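So, here come the structures, one by one.
Next come two complexes, and both contain chain A; in the first it sits with chain B, in the second with chain C.
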Partner chain A sequence: MIAWILFHLFVFPGMLFTGVLGLLVGWLDRKVSAWFQFRVGPPILQNFNDFFKLLGKETIIVKNAVKPVFIVAPLAGFAVLTLIATIIGLALFYNEGFAGDMFVVMYLTMTFSVMVILGGSSTGNVYSSIGAGREMKLLLADELAFILVFLVPIVKSGYHIQFDQILQYQQLNGAVIGSPSGIIAFIVGILCIQAKMTLPPFHIPEAETEIVEGPFMEYSGPLLAFWKLDHYMMYVIFPFLLVILFMGGFNLTGIGILWAVLKYLAIVVVMIIIKNTNPRIRIDTALNFFWKYASPLAFIGVILAVLGV
Partner chain B sequence: MGWYNKRLSKSLWVFHASGSPCNNCDIEILDLLTPRYDVKRLGIKLVGSVRHADVLLVTGIFNQKIAPRIKRIYEQAPKPIFVVAVGTCVSSGCCFKDSYNITEKREEVIPIDMYIPGCPPKPESMIEAVAKLIGVLNG
Partner chain C sequence: MQINDLTLLVSVPIVVAIVNLFLPVILRKILNFLALIYLLVLNIQILQAGMGTVVLFGQTIMQVDALSAFISLFIQILSFIILIFALKGVDKSIEKAFLVLYPLTVGFCNGVVFSTNSISLLIFWGLTGITLYLFALLGNTSDTPNSAKKTMIIVGGSDVFLILGLILVWFMNPIGSWQLFGEAIPLKGLMAYIAFFGLLIAAFAKAGSFPLHSWVPDFSKDSPVESAAFLPASLDKLLGIYLLARIVLSIFKLTTVMHLVIITLGALTVIIAVMMAMIQHNGRKLLGYHAVSQVGYMIMGVGSGSVIALIGGLFHLLNNTIYKSNLFLALGSVEKKTGTNNLEQMGGLGTKMPLTFLFALIGALAISGIPPFNGFFSKWMIYQGMLELAKNASPGYKIWLLICLVLAVFGSALTLASFMKFIHAIFLGRRPENLDNIEEAPANQWISTGILAVLCIVFGLWAMQLPIKQFILPVVNEYGLAIPDMLGYYNPILILLLFGSVLLLGLIIYWSIRKVRYDEIYLGGMEALEHFRVMGTEFYKEIRNMSPLKAIYNGAEKKYFDVYDVSSKCSFSITRFFKAIHNGQLQLYNLWIVLGVLILLWVVL
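Moving on, here comes the complex of A and B:
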């Protein structure tokens, strides 16, 4: 039993699987972005090379930093993402869940942002502090819309708060995305993910040309490698989450495998297209967008779901 | 170490430090990232913070005001780091070599691993220098 739990956490839906798949999908992101700019793009193992190279570099611990927080923040972020990946992967591949696992995932996604804020503000660097502050504002902006997006499948499935029960409902009654409220929530969900992953147009906290990578500016060597790995793991976690909530999960038999891959790649490609066609917006524009447009839209989706549309 | 050097040679992240240049070399360096030359396909990436860098590109002459700052940037970088000097200015002093404010020896400020002459050097010659650096790393 314990061995099985450790296997889930460290190998299959958890650490190893998510890390490797995340780095590969990160290569897809870089390659498609290169095609957008009429470039060739990096080779397929580029992200692995980057990761192993960073593991072998010197780690500089900044003199002004709060040392324990500076070191623990990227590792804790990695642990948090591994836990999310395990919970989501168990629901998706094994149809297992526990009461309230949706709320655990909601909390843990927020905890990762808190880790970024802690890591950024522990370095004592001005640009890192600005980045941490922006991350906090972005978290305040997208959190309400993100929770409202979760509410639509909950209401649709008859007020169940477990991933496996939502999947069960969708197997019987068709995917949530087939209804108007589901489509609205899915669109808002993709935008929220873009903000959670700090991809363009919401890469305000780590704006490279403005505040040089923000919270990650002072990190070097293995600690930076873990921040990069965290970023690429989110390319797996959040699309899987949308697949569970709106697309009825994976059916891993026969032709279903092809459908599973297509569902996942469709979400990733939409994210990459949004990333490559939008410039960075200001932090006040992001707050305006989420509080004035995205959250009310998600709220309309919830009302429609309550009405049964 | 061979395995690690191979990883390193496939993902060189470059930080660009300008020591009082005329900006000509800097423009040519940015040309490398455009679709025509596209060094990103070799895994080379221009990073904004010296803490992430593997290669430090320096341009311009080292005068007495900029030399301590270049030295400080070098000390802030995580090791191993390679220093590549771009342009005739940093190689030989160019037309500024008899100025009153120039530092006598550039090698005493920071250890320079490679010189790329030219005013400014063509992107092709910079790619050749990168290829030589990768060749040295691969042994």
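Moving on, here comes the complex of A and C:
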């Protein structure tokens, strides 16, 4: 039993699987982005090279930083994402409810942002602190819509909050995305995960050209490698989450495998397209967008779901 | 009246307080400490025995049941832990008075919790209000008199409603005695509603819920920090929510609409208070607003009518007393070292006060509902209760309940936001140069916050096995409520173990390959000057300035939404009118007399 749990956690669908798939999808992101800009793009294993090279580099730590927080934050972020990946992956691949339900995952995703904020602000660097503040505001912006997005499958499935029950409901009654409320929630959901992953146009906390990677500015060496890996792991976690909540999960037999890959890639490609066609917006614009447009839209989705549409 | 454990629980602290009046400070501390240990032992005995009564003049005054036993247990636990903090470091000028008021408050609170008789409940309730006022007067800021007055008027004024409610309950009581908690009265007719709302106002004012919350932030800002952790953060919460639980469980049988009204008030409390907390620049005021906002969850849980949510609400009450007093005390430690509670003047203390930082961080994560700490567990149960209610409601109620649920969940994201600001402003970010020589707080202070932090973790990991099973399920059983199945699934220990093993792996990897160099902050080659310091207080300026929130915030800062200010303005304008017509001129008085006679004639004829 323990060996089995550890296998899930460290190999599949947890750390190793999510990490490797994340780095590969990260390559896809870089390649497609390159095509958008008429460049060639990196070779397929570039992200792996980057990661291992960073592991071998020197770690520079600010003298006055709160060192334990500075060091633990990226590793804790990595642990949180691995945990989410395991919970979501077990639901998706094994149809198994494990360790936590939707509220737990919702709060764990917030925990990752907490790690970014704590890590960033532990250094005392002005850019990091500004970035940390923006990370928090961005979380507030997308969280309201994100909660409403979560509610749609909950309401649709008859108030179940466990992933396996939501999948079960969809296997019997068709995917949530097949209904008007599901479509609305799915669209808002894509925007939310774009913000949760701080991808353009919501890369406000990092804003390379403005505040120099924000919270990650003082990071280098292995710790930076973990932050980068964390970022790529989210390319797996959040699309999988949407697949569970709205697309009825994966059916990994015969032609189902092709469908599974297509479902996943469809979400990733939409995200990459949004990423490459939008400039960065200001944080107040993001707040306004999510609170005044996206959340009411998602709320309409919830009302429709309550009415059974 | 015979002497038993129950009478001792009330009388011992009162006697200690009286004896303390004549002792030197050091003996007062020792006596308080010993008395609280004794009370703790007594209370555990009472909890285990589960019975005990006090009879006076042939009337049952006090009685033990599951709810009162566990609430009073937490009164003793919290009082004991906060007393450890107060052993060293209380302002010398107020220390003597503080050590007299402290056991007095404990005794009165015990009296409230065990009273089953309207009159004794009322007396003890009023006395706790008076000690609250006296604690408020111990502050040493320029606003202290105003805050104390405000506290007295809101909390004391709500006692009027309590009296009204209790008298009406006596009228409606089928047995016609002053015994409360007999048979629940159905909520039918005007009298029942007036009585219900009277009692509700008293509970809300004590717990500090919207719209009677405004004394909590002011009290927190201006009174001594120990008393802020002691009363509004823990004991008053316990009393207020205790009364609310009695109202909804024993005194009245609520209708669905009334449950919904209470849930809505709870959700509004959560969101309004947390929005105010976010923009505060004063650390104590920030925590004070959170003390209000957390009440919202408890009210939602206890008043909802769902058993899962009831368990969650009572559990949240315990959790809140633990982490909120932890945070107040941690801020108190910092304040005593730096001499300020203004968040703008602090920063980077995490390296100087590592233990205080660690415990405050645990408290902050717990209050924000980060798994696996205790705050998440109780919130998670309350959310499930809301969903369970929504499941069986009609579509209109469904949407209403879901809105309340969304507000509550979003409220906890906002809580996280304001605590990230709090932690950043005090412990992280850049340290101002004048704080370079700060040292860790004295041992008694970090032991006190440390115990509370450990409780946060223990109650989070073994929530089902320890607090819920030991304290809350007996209450549910006593009221004959069926314990329902959970909707969700959450295993905190597993989550912590998995998280910990991955974190450990990461640390091992980092440790084995690290090559560390220490350097200054990098600012693109510029010198890192003091004015490049980001204060966490500015984090949410965009939200403050967003329309339409800006107008609301401006209104709130002018106190347009403060019941106390609005009603005092109303009463002042009425007195101004009377002042204007009493100007001392004989002709005018004659005119009034003539007018009065005319009106009298018109009425009589």
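Quick note on the criterion: the second predicted complex is superposed on the first by the 306 of 309 C-alpha atoms of A that agree within 3 Å, B and C clash if a C-alpha of one lies under 4 Å from a C-alpha of the other, contacts with A are read in each partner's own complex, and residues count from 1 in each chain.
Everything below uses one rule, namely that a residue touches a chain if its C-beta (ideal position, glycine included) is under 8 Å from a C-beta of that chain, and two chains touch if they have at least 3 such contacts.
This one's a predicted model, so the numbers in the text were calculated from it and none came from an experiment.
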| item | value |
| --- | --- |
| Which superposed partner A:Glu208 touches (first chain B, second chain C, both, neither) | first |
| Touched partner set for A:Asp50, first chain B, second chain C, both or neither | first |
| Which of chain B and chain C A:Glu58 touches, first, second, both or neither | both |
| Partner chain in contact with A:Pro42 - chain B first, chain C second, else both or neither | first |
| Touched partner set for A:Ala34, first chain B, second chain C, both or neither | first |
| Touching partner for A:Val69 - first (chain B), second (chain C), both, neither | second |
| First, second, both or neither for A:Leu224, with chain B first and chain C second | first |
| Contacts of A:Ser179 with chain B and chain C, given as first, second, both or neither | neither |
| First, second, both or neither for A:Tyr159, with chain B first and chain C second | second |
| Chain A: partner with more touched residues, chain B or chain C | C |
| Overlap of chain C and chain B interfaces on chain A (superposed complexes) | 56-60, 212, 217-218, 221 |
| Contact set on chain A toward chain B in their complex | 34, 37-43, 46, 49-50, 52-53, 56-60, 208-209, 212-213, 217-221, 224 |
| In the complex, chain A residues that touch chain C | 5-6, 9-10, 14-15, 55-69, 71-72, 74-76, 78-80, 82-83, 86, 97, 99-104, 106-108, 110-111, 114, 117-118, 121-127, 129-130, 132-133, 136-137, 139-140, 143-144, 147-148, 151, 154-155, 158-162, 212, 217-218, 221-223, 226, 283-284, 287-288, 291, 302-303, 306-307 |
| Chain A partner contacts - residues on chain C that touch it in the complex | 347-348, 350-351, 354, 357, 365, 368-371, 376, 380, 383-384, 387-388, 390-391, 395, 398-399, 402, 405-406, 409-410, 412-414, 416-417, 420-421, 423-424, 427-431, 487-491, 494-495, 498-503, 505-507, 509-510, 513-524, 528, 532-534, 536, 538-540, 542-543, 545-546 |
| Complex interface listing, chain B residues touching chain A | 4, 7-8, 10-11, 35, 38, 40-41, 43, 47-49, 51-52, 54, 76, 78-80 |
